[in-house]
Amino acid sequence: MRSDGRSSAALRHIRITRKYIKHAEGSVLVEFGDTKVLCTASVEESVPPFLRGKGGGWVTAEYSMLPRATHTRSPREAAKGKLGGRTHEIQRLIGRSLRAVTDLTLLGERSVLIDCDVIQADGGTRTASITGAYVALVDAFRWLVAQGTIAALPVREAVAAVSVGIVNGEVFLDLNYVEDSRADVDMNFVMTSSGRFVEVQGTAEAEPFTCVQMDEMRSLAMIGIERLMAIQQEALEQ
Amino acid sequence: MRSDGRSSAALRHIRITRKYIKHAEGSVLVEFGDTKVLCTASVEESVPPFLRGKGGGWVTAEYSMLPRATHTRSPREAAKGKLGGRTHEIQRLIGRSLRAVTDLTLLGERSVLIDCDVIQADGGTRTASITGAYVALVDAFRWLVAQGTIAALPVREAVAAVSVGIVNGEVFLDLNYVEDSRADVDMNFVMTSSGRFVEVQGTAEAEPFTCVQMDEMRSLAMIGIERLMAIQQEALEQ
Amino acid sequence: MRSDGRSSAALRHIRITRKYIKHAEGSVLVEFGDTKVLCTASVEESVPPFLRGKGGGWVTAEYSMLPRATHTRSPREAAKGKLGGRTHEIQRLIGRSLRAVTDLTLLGERSVLIDCDVIQADGGTRTASITGAYVALVDAFRWLVAQGTIAALPVREAVAAVSVGIVNGEVFLDLNYVEDSRADVDMNFVMTSSGRFVEVQGTAEAEPFTCVQMDEMRSLAMIGIERLMAIQQEALEQ
Amino acid sequence: MRSDGRSSAALRHIRITRKYIKHAEGSVLVEFGDTKVLCTASVEESVPPFLRGKGGGWVTAEYSMLPRATHTRSPREAAKGKLGGRTHEIQRLIGRSLRAVTDLTLLGERSVLIDCDVIQADGGTRTASITGAYVALVDAFRWLVAQGTIAALPVREAVAAVSVGIVNGEVFLDLNYVEDSRADVDMNFVMTSSGRFVEVQGTAEAEPFTCVQMDEMRSLAMIGIERLMAIQQEALEQ
Amino acid sequence: MRSDGRSSAALRHIRITRKYIKHAEGSVLVEFGDTKVLCTASVEESVPPFLRGKGGGWVTAEYSMLPRATHTRSPREAAKGKLGGRTHEIQRLIGRSLRAVTDLTLLGERSVLIDCDVIQADGGTRTASITGAYVALVDAFRWLVAQGTIAALPVREAVAAVSVGIVNGEVFLDLNYVEDSRADVDMNFVMTSSGRFVEVQGTAEAEPFTCVQMDEMRSLAMIGIERLMAIQQEALEQ
Amino acid sequence: MRSDGRSSAALRHIRITRKYIKHAEGSVLVEFGDTKVLCTASVEESVPPFLRGKGGGWVTAEYSMLPRATHTRSPREAAKGKLGGRTHEIQRLIGRSLRAVTDLTLLGERSVLIDCDVIQADGGTRTASITGAYVALVDAFRWLVAQGTIAALPVREAVAAVSVGIVNGEVFLDLNYVEDSRADVDMNFVMTSSGRFVEVQGTAEAEPFTCVQMDEMRSLAMIGIERLMAIQQEALEQ
């Protein structure tokens, strides 16, 4: 039994609230238990320099925590004047995950900028970000279709993410902060609706892990992601 | 009649939601119509270098907009590596306003850091920030009292703020974004519950203003701030 | 009686020296007592990106203190790698004040950059900067007219600024550093020659101020600015 | 057959040259084919602030490419004034990998800083860095033992890393640059001598990958890392 | 004959005005013709970390140009967020030159910070800076002696600097801007009152120079510096 | 006799290895005893803004030390976010030295970027950099000729550099680190094959130096540079 009473294979309470912010083309508040992330999708009619004139589009992401999203206040990266390594790592992961399911040619020479701002953190902010950002991205694509800018949704399949970890020798799905800080191993899986992976990241915080443990974690992640996709789908149908 | 049907002396719909975030000692979502600002108050057991060893406390503020709080996305200051002039101006204003009603000696050698993060912007983000931050600050002070760290609330009186402007020759209270962008004059008043001012800032965006107009704006602001203080009081009593 | 023997409504000794620097289109050394600011106006045949192709011009300002302008040496912002909040606040104020009296359409698609560099500081550097910068700006406009670039001076009226404060319950005009550091309230007024305001900024450093006190400060400021404008006029006629 | 004639399960020519630089406590030139990385280990008698007074040590890493290590010259991060996201990601990976096999308590309150500077890049710079850095780290530990500073080598087991990828549907070990730029999937495995993983990172650059493909890549990686460890061992015995 | 009528071995009109700024322990306006530099010396009761506890003092310098010191306006380094290479080069030169004639042991564990701010530039700003800074430094040392902080002036001998250049095959002393921009060779000599050198920097801007030319330039520089030292001496005796 | 047994007029063992890196158009490892610098030359088909459309080319240089090139590790400038003054000074010196012997008109509107990265430092890194960079530059020019981009080598003459210093009253050629740190005077000479100077920089670290000493140092430098040029020539003929 886990600290919050969940079984090892249970997700936290997941909530996806669409149209959370009025200005953005897509905006979603995603909640994985007490972890709350605001994901917005902004359409821009330009692409980065290395893509100009090639006809294809771009999807990229930025990630940030509000200073008091965490238990003790973290200084703002804007005040420090530079992004930390963790921020870089996470925003690159979110961007790659979304591009993996986007048909950039169909999108045309324009960009979607995803902003993931963590309002409250309780573990799993990167996996919540990817899961919520996908929904915001689809909303931005729908807006582009509604505007008549593009003919069809440039999405090949859905994408969602979940963390799995080994805590005291047991494999747990969707770690909260307390579990995460005690975990020996922490793996993040990003999967598509066809059951394939676009990103896998595993880190032994304390003790290295075996092939068998990796397989166990992967199985649990696949179960979790399937459920997350059902919740994404439901949100998109409302 | 104004674009949103309000009378010239009417505030927008104001909402103050306390305990919005679980980690912070004080946290408030303040809404002035569609303007939504998350204000958190974080207690730290230290003071800036220039105050060390002098026994007094400090209250300071940081202000930021989420990138898509606005109609078109604004680049993050963290990504640009420096704070803009407008951000500096606003966060200094918030800090001064709150210190003006705080008994820093009673607070003792510790700091309260106020973070005002604009989730959605529709005009008046700085006045909403001050009005909400006061409530978050009181909650942090109450937490300090409840902890037994300090004996009494180090607050001398309440503080709130409102904008007033001249649009097409008419004086309007609490401008929304559309009004603000058309205003000839924009004044922000920060007032205490004893009916006195801690900050007054007036700017002629287009046409200079006369003494008479300044007086009219001040009268309207005083009415507005009185109402805001009733709402603050109500929120603090819940 | 004040520390330097002035009456409460007296300005310090004011001096405006034109053509102080040989390269700039306009350059003025302005002295408010021991406060000495070098204001230069530089014409550039370009405008910021947001104005390109719209036919109008721009006036903007930068402000800086030499490291030893003050009693103890302040580190250079260039060495620290970023501008402080106070610098941002002041240079935005100077820019807005000058734009308020400039006919930007008449100026045409070009910019005037005002640089205010404080050589020696003794209170009131921002009001001295505005007062001196106006004269430098007119000189730059005269240069443009003399060159045949523009047909007429793109100035609607004069602008000057002064500080007023409450020290030990008394209202004083044009505070020097010693007075400023003891003031309960500090207000800066920026006024045009038609007797109207373009900027008003009041801050209660210690004790909030009442409507009556605000009115008293305003009256004194109006007297002071009238005198400053006579001195500006005289300088411009030499 | 691969572009350079290797079989799919073959490593490139691997070379580990110890004591490459005279000043560093450990220094290794590691070559994976044309990829050449200089790894140095520097001992410092201090630890980061969050570890002070706790008795344990620290191992951390920095990574950089010389500007012309790559086919076209890349601007220096020192000249741009900030580290890119890729650099952050890689240096965090190297640091975590080495800490995973270090007994930080045995190391005592001191740090080893690993610098991985890529002299020439041809794919696999991060896996070469980890593989070479381990040898440099052991040399620094031996130096500490020889100095009598610590009693025993604070190493629990060896660590090495290799990349695996899917190119045109085939799984290849240890991708060179040409293969890497054409790969559909790219996975990096960091393994210890007990056959367990400390880091696994897989990214679908083009097409998502299945469980079966992940298993194939893992098998190949395990073969490759075993060989790398034999080469590390040999180098350390010279 | 030179553009301004001087003979090849003539200095421009040199003026040294002491006590130019009221706050600084030493402050000098130095003029080499139209080149005007404000040099201030600030005493601080601390030394840089690498000197702490060793009993000796430190002299260092910062150099900056006001934006409109030059013919066209140069952007502020504070606004760009970093010092340029030329600034670094010059301020290091000034610091080394002054330290060469200072008895740092006699100065005791304190620092003198020299600030050289170019008000107007017309060639030779670095040599004017060194020449003026020496006088400001002596004034700061006299202040320390007058305070009773140190027993004697910690100066071993005087130091001054001048530029020499080859323009159209002729060797000229103390180049102004027009000459400097046409010079084939530009040499700066920093000399002490004992006729010895502390810094020599020669650069062939267009054509390399011979031993014979170097000797000619050196002879001219020695004449110029002797005259500069007489002017320094005179200023210090007033 | 010197610490390493050399006579006062002897260079250290000099080695120039061409084609050290496979990607760069020119790449040289230059060794002055234990000082090892990797110099690469990168051709770019563009010039800096101030040269655009004028037909001429550009040669510029960047210089950096690997963190552990020195006895104790130096923090990376990329991590600190800015280049130090010493780096600026040296890279400007290298760039000027190479431009002095390049026919920029013949080079045409393109740039050669020289990167000097110090692998191991033992004194004289700037003079080794210039000496090696010249060879890398010639290789890049040869590549341009071989490509048919330019008709002839745009080199007017060879350039090399050496340091000379006064240690315990004796004049030594090509100081190593131990000598350099004890030297009273340190001079760097950059000379061309016609026996003329493009840069001369002398600094009295402790005691000023006389004309006679300067002449002695110059004579020794001329001998050293002649030998360096023979070694450059030999390397270029292989």
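Going by the order they are written in, the chains are A, B, C, D, E and F; count residues from 1 in each one.
One rule holds in what follows: a contact is a pair of C-beta atoms (placed from the backbone, for glycine too) under 8 Å apart; a residue touches a chain by one contact, two chains touch by 3 or more.
Because the structure is predicted, anything quoted here is derived from the model rather than measured.
Shared contact partners of chain E and chain F, listed by label: none present. Residue numbering shows that chain C and chain E use the same positions for more than half of their mutual interface.
Centroid analysis (C-alpha atoms only) places D farthest from chain C.
Mean C-alpha positions place chain A and chain D at a centre distance of 28 Å.
Separating the CA-averaged centres of chain A and chain E is a span of 59 Å.
Here the spacing of chain D and chain F, counted between their Cα centres, is 33 Å. Per-chain CA centroids place chain B at a distance of 50 Å from chain D. Residues of chain A in contact with at least two other chains: 81-83. Chain contact topology: the protein chains form a single closed ring, every chain touching exactly two others. Begin at chain A, move on to chain D, and keep following the contacts round; the order you get is A, D, F, E, C, B. By the touch criterion stated above, chain E contacts chain C in their complex at residues 21-24, 27, 34, 38, 40, 42, 44, 62, 64, 66-73, 76-79, 81-83, 87, 113, 115, 117, 119-120. Against chain E, in their complex, chain F makes its touches with residues 82-86, 88-89, 91-92, 96, 100, 187, 191-192, 194-204, 208-211, 214, 218.
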